[in-house]
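After this come two complexes, each holding chain A, first together with chain B and then together with chain C.
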Partner chain A sequence: MSTVIPGVAGAPEQRRAIPAHEGGAGQRLLRTAATPGGGVFVLVAILLAAIIWQNPSFGEPGSLIRFMGRTAPIAIAAMGQYFVIVAGEFDLSMGALVTTQVVMAGSLIGQDEGRILPVMLLMLVVGVLVGVLNGLGTTLLRVPSFIVTLGMMLALSGLVFYLTGGAASGNPVDSFRQIGRGGIEDVPVLDVIPYPFIILVVLAVGATVLMRRPFGRTLIAVGDNPDAAELAGSPVWWVKVRAFVLSSLAATVAGIILVGYAGVHPSVGRGYEFTAITAVVLGGVVLGGGRGWVLSAAAGAFALELLFTLLNFIGVESTWRDTVQGLIIIAAVALASRAWRRGRRPSRPTPEATAPHHPASGH
Partner chain B sequence: MKTLTRSHRSGTDAASQGSSIGGRPPRSRAPMTTTGIIYVVLALVVVVGAVLTATQGRNFFSVTNISAILTALSVLGFISIGQTLVILAGSLDLSVPYVVSLSSLVGGGVMAGRSENIVQGVALALLVSAGIGLVIGLLVTVLDVHGFVATLGIGLVVSGYLAVNYQGSSGSAPRDFRLIGITRIGILPISTLIMLVIAALVIVLLRRTRLGHHLYAVGGNREVARMSGIRTATPVIVAHVLCSTLAGMAGLLLLARLSVGSPTIGSQGRYDLLSIAAVVLGGSLLAGGKGSILGTLGGVAIFAVLDSTMDVMSVNAFIQDVIRGLVIVLAVAVYARRSMARRPARFDRPTGVKAVLKEAQ
Partner chain C sequence: MRITSRWAPLAAGAALALTLSACSTSTDETAEESPDAAASQDGGVEEANTDSAEWFVQADFDEQDQQRGATFEGDEAQPYLQYLDGEMTDTSQFKSTGAKKACFANASISNPWRQTGWITMNQQLEALQESGVISEMETRDAQDDDNTQIGDIDYLITEGNCDAFIISPNSTAAMTPAVERACETGKPVVVFDRGVETDCATTFIHPIGGYAWGIDTASFLSENLEEGDKVVALRILPGVDVLETRWAAAEKIFEENGIEATDYFTGADPTEIKKIISDELAQGDVQGVWMDAGDGAVAAIEAFEDAGKDYPVMTGEDEMSFLRKWEETGLTGMAPVYSNFQWRTPLLALEKIFAGEEVPKEWVLPQTPILEDERSQFLEANDGMPDGHYAKFGGEDLTGYPEVWQERQIP
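Entry: the complex of A and B
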């Protein structure tokens, strides 16, 4: 993790012209923890410690792994949203897409096990299609992604409610729901490894590798400065379309897991886009693009869920949950914007100081 | 209006592109402002709406129908005017639905059905709303929190407060106050009149005052504005305070119509996303620095006509959402492509598919 930082942030070389691997492993880890993207891991650790202090049984490996399984769908959605946000766009259609996929699974699979594979394939195709439409609307039609995905959200949720009448429909066959609620049983120590957790780990590894490949590098460049990326020869529109497709696919996977976890109802997935954006922002990813790490986005989702769990354990009424969540988000982002600024402030005036994305000097 | 919009645009271009001014080739077509396009689209929507209404054997231009549309226009109008200010300043306000609800509850609670409390009720509701706007403005400027996050967070805070303190509708508007919701002069409902007067005031603020020009400058490029000697915080804070206050007015108007305050009236109306959609539909740049109140009013009117027509056609409520979504994207696409055509040629112009891909970037 710590080796990524100099490459992404680019700060140390520029500021002091020292090799990337300055200091020992411990020092580098500390420096990482001081950035917003690293700080969220510290936040997760603090929240976890606080919960275990309140309720020691939460710290048992079995219940921890179950918690991670429960959090997997939102973490996956957050990673999907990350790709779009780091490219400088928004995906507001995520929640509606989750709902669409959940309802599709419920009504198309029914009690027929033979249909599981074809329907899952269809769900993935729908996911790709939504992503491509969002992406092309943003790039070819040049409509702001906020509007394109808002339109997509209205269209998808309208269709779903029209087709279902707003009522819960039958759950699909149990073997399909096992993806969301089942796991590998009889594991020593852990007792059970939930399938959602395995999916999350696989996707997290995949996303990390992807962000180190040329696509990931280009994505961050596009989010930081699309004009510069364009002039440097990047296919900006195609990179952004792929980011939207990844986001929609993440929503699809989250939907598949949620079918097992929450059942089929048109309200599943409501507000998912804002929760995912919140998680991404909590992970230190900068709205507007070009800053942040994909694993921090997933960690942001965990921090959010841990926060709710903690509030639950210390007996805060669930009605206050929104208020506390709002305060925490604002505080986290306020701190993060300070830290990014400090981390990137050049020692002498450089052209960077005038870039619109990150006012480098104070007011 | 035409010259003004263009001067603002060139101001933004100067801020963001630097050298493009002066090197712009002469245009063959007569230039049409974005606001002009909005009203062409609006006229189109009205014609289609009138034809469709006629097929149902109803008259679109009847006094009842027109004033119903104007009434529907006023609530979203209030909010969208505020949203325009905030978006022009380069921020965003997602907290409006909760401010709307809170204002209707505070107003209704203070009035408690007695006419002598109207002034206090209105004053307190607007004061609370303005206070929320001030907090948001300070968060955005002093703490440097992105407007999206700051308003999302404040929205959550307020919605938590509403959930804890109000289980259902409460408060009540006295009869005198309810008159605001139902009185009309000719075909013009008094609520719409108030909205139009405020729109005019805001237009004056934007076009004739130093603050208004600073608002455009800060929204166009905060860093350039700062280096030009503008105090960048003031316009942003004022925009947020005005936006929340206008949302509070919308809440009071809803209170006058429903005669009770409701903790869910704002979020049910989805005023956050719809007002942003109306602003963008009205030709404002979501990134800030370019746009006009007139355009926004056109965008709001398009929504109102669309809704009225779909109601007359008795379109399923959920299908209405689908149509709304499509119209938003397509309408914005119309002039998003136009502004693309307006861009100056830098180097040799590519042709064919390559041109489309390049320009789409």
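Entry: the complex of A and C
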């Protein structure tokens, strides 16, 4: 189907303009579906079909949209984690930050509606601050992000424990909780459109646009090869700091939604970092950075939640969930790294054909 | 190469399917093996459905069933001093004057029930310090960790300079040797809440117990539901005797009444609870919700609201958040009680012990659920208390009431 591109790497005089797209729409779709980043959408479809086959009432629009609403916070967290992972780092502080935000919202807003806006502002400031600290620790202090964010996770968990003693306090005022619990009512067919779903869609569009902007391109370049990006003039540290800030902000938004959805409890957000990382990996994003699409990360979150729902429906004990999650991480990383390696140069017949000094390459 | 990469997602799907089938298979295997697994204490902890047989002891079930209707000795106005008639410990050897130092090894204050009790205990301590019975109480909090608590108890034995020990064990089997070491010091040892496998303590204080809770709640649900109805059982965590026995008793009664009950572990995480209920509601109607503790009850009720379904018949706990939501929604419910006022009793027991008065060897406190007709009375009495407060906290006559509990400053 595809044209052989002779000597792309080796002979500048013969370089042709690389077209924006190769092949027709159908071919491109197939080719996309064959990459790990595209395959996750296929996986979502398969899992959804399996669940509906198992339990047809899940497929009703009302049930589906509620499921999407409830999965929104984890999908948002996954998109946040994506920015960090694609830049070649980790953010383990995500779950602890979600918990911190949930507890803060509970104890600071209380039953006073007038405090909703100032406290939400404060939550965003805390989110940015945590992201900046993670980012600076990783880039300027050169501590591996694994350690920096692990430290941040412990620090935040300790703070939550200090503030709550480890037990729930009261829920904040109901109007604030509507963000996570409510939705647009009386919609035809769907019955209700949950606000978290709307937030997810807005953020997904925003994230997609951002990844097509110079920031997004640089972010992937930094994740692929930080030295090359540095030499090419990218401010690597500043790009990474912004990735950490985006991750922390995603955790903050997830926290705001979860306060509404679930209420205040120190266990809300527990394990979110690993769920988000699993979702990102399942979305075909390569750990170590440089490969993967932000929407695939969100789709990975849906795939994971669908999988758990399916396990639930077919009667697998919830005690097995962690095992399944662990196996998925291993299997997905193994498959994704292989598939990306193959999928990278789909149109080159053999490595020899493109080797710069090979006679066949057009000299 | 192309062909291979095109099949990659399918391969991923197949791998997942394999993982899935592997998982479900291994679950079945574990279930079949459970008679063997149940023989070891650890094997039972992993499985939700198979370990109840391990925790179920018919004699204890019968005893607690009978105790539910028994008459307690002592003044009803002071339930924290009431007890069931039985063997008494002679404490004349401990009789002495002067203020004593108490040492308290606490499992944790990581749930609202323990926090409420801990506040009450500190107010009781203040009262006994004023009356010159106790000089001070040194407390070590094990933060839900067995090893930490063993270290805490050993530290208190060797370095604490204690006149008496109060121990609220984190877990039953693991804490037994440490409690025995405390007994060997020859000083009074008071154990309360969760039990240990030794009767060396001067007194072991606890409400009737988990079976009574399970009988009260499951009987209530069975009476208010039809045969074949579905009950979702939300359990906090496996492996703790006072929680396991609640479920063991309830499961037996559900089975006897033909109620279909499915149990889940939630870690008291409201996100998890909401997911569980939503998934269950997506599969079919749920008529009842049973909880082994009220933490998270509100999230369970909200899940029915969010799905637009009728409220279930439900048992929660005497936590204010549940009592308030119960009244607000008007659902059919009851609030079982794991008497929070027991946190006063250990210090009051020490007062008796140092006065040389005999105390019950096993100090069984009353444990009476709150029914719908008493609810408004408890809501009124605890007006202004935070959501995590427990209605039967029993500290109304202590100094600082009600502000200390309202502000919920954890000491």
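Note that in this section the second predicted complex is superposed on the first by the 322 of 363 C-alpha atoms of A that agree within 3 Å, B and C clash if a C-alpha of one lies under 4 Å from a C-alpha of the other, contacts with A are read in each partner's own complex, and residues count from 1 in each chain.
To be clear about the criterion, contacts are C-beta pairs under 8 Å (C-beta built on N, C-alpha and C of every residue); 3 or more make two chains touch, one makes a residue touch a chain.
Computed from a predicted structure; not experimentally measured.
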| item | value |
| --- | --- |
| First (chain B), second (chain C), both or neither touched by A:278 | first |
| First, second, both or neither for A:150, with chain B first and chain C second | first |
| Partner chain in contact with A:66 - chain B first, chain C second, else both or neither | second |
| First, second, both or neither for A:137, with chain B first and chain C second | first |
| Touched partner set for A:338, first chain B, second chain C, both or neither | both |
| Which superposed partner A:268 touches (first chain B, second chain C, both, neither) | second |
| Chain B versus chain C as contact partner of A:230, first or second or both or neither | first |
| Touching partner for A:158 - first (chain B), second (chain C), both, neither | first |
| Which superposed partner A:322 touches (first chain B, second chain C, both, neither) | first |
| Touching both chain C and chain B, counted on chain A across the two superposed complexes | 166, 317, 319-320, 323-324, 327, 338 |
| Parts of chain B lying in touch with chain A, wherever the complex brings them together | 16, 139, 143-146, 148-150, 152-157, 159-161, 163-164, 221-224, 226-227, 232-233, 273, 276-277, 280, 286-287, 316, 318-322, 324-326, 328-329, 332-333, 336-337, 339-340, 356-357, 359-361 |
| Chain C-touching residues of chain A, taken from the complex the two chains share | 30-31, 33-36, 38-40, 42-43, 46, 55, 57-58, 63, 66-67, 70, 165-171, 181, 191, 258, 261-263, 265, 267-268, 270, 307, 309-320, 323-324, 327-328, 331-332, 335, 338-339, 342-343, 346 |
| List of chain C residues in touch with chain A within their complex | 1-2, 4-13, 15-16, 19-20, 23-24, 27, 46-49, 108-112, 114-115, 143, 264-265, 267-276, 278-279, 282-284, 295-296, 298-299, 302, 306-308, 321, 386-388, 408, 410 |
| Contact footprint of chain B on chain A as seen in their complex | 92, 137, 139-144, 146-148, 150-155, 157-162, 166, 226, 230, 235-237, 274, 277-278, 281, 286-288, 317, 319-327, 329-330, 333-334, 337-338, 341, 353-356, 359, 363 |
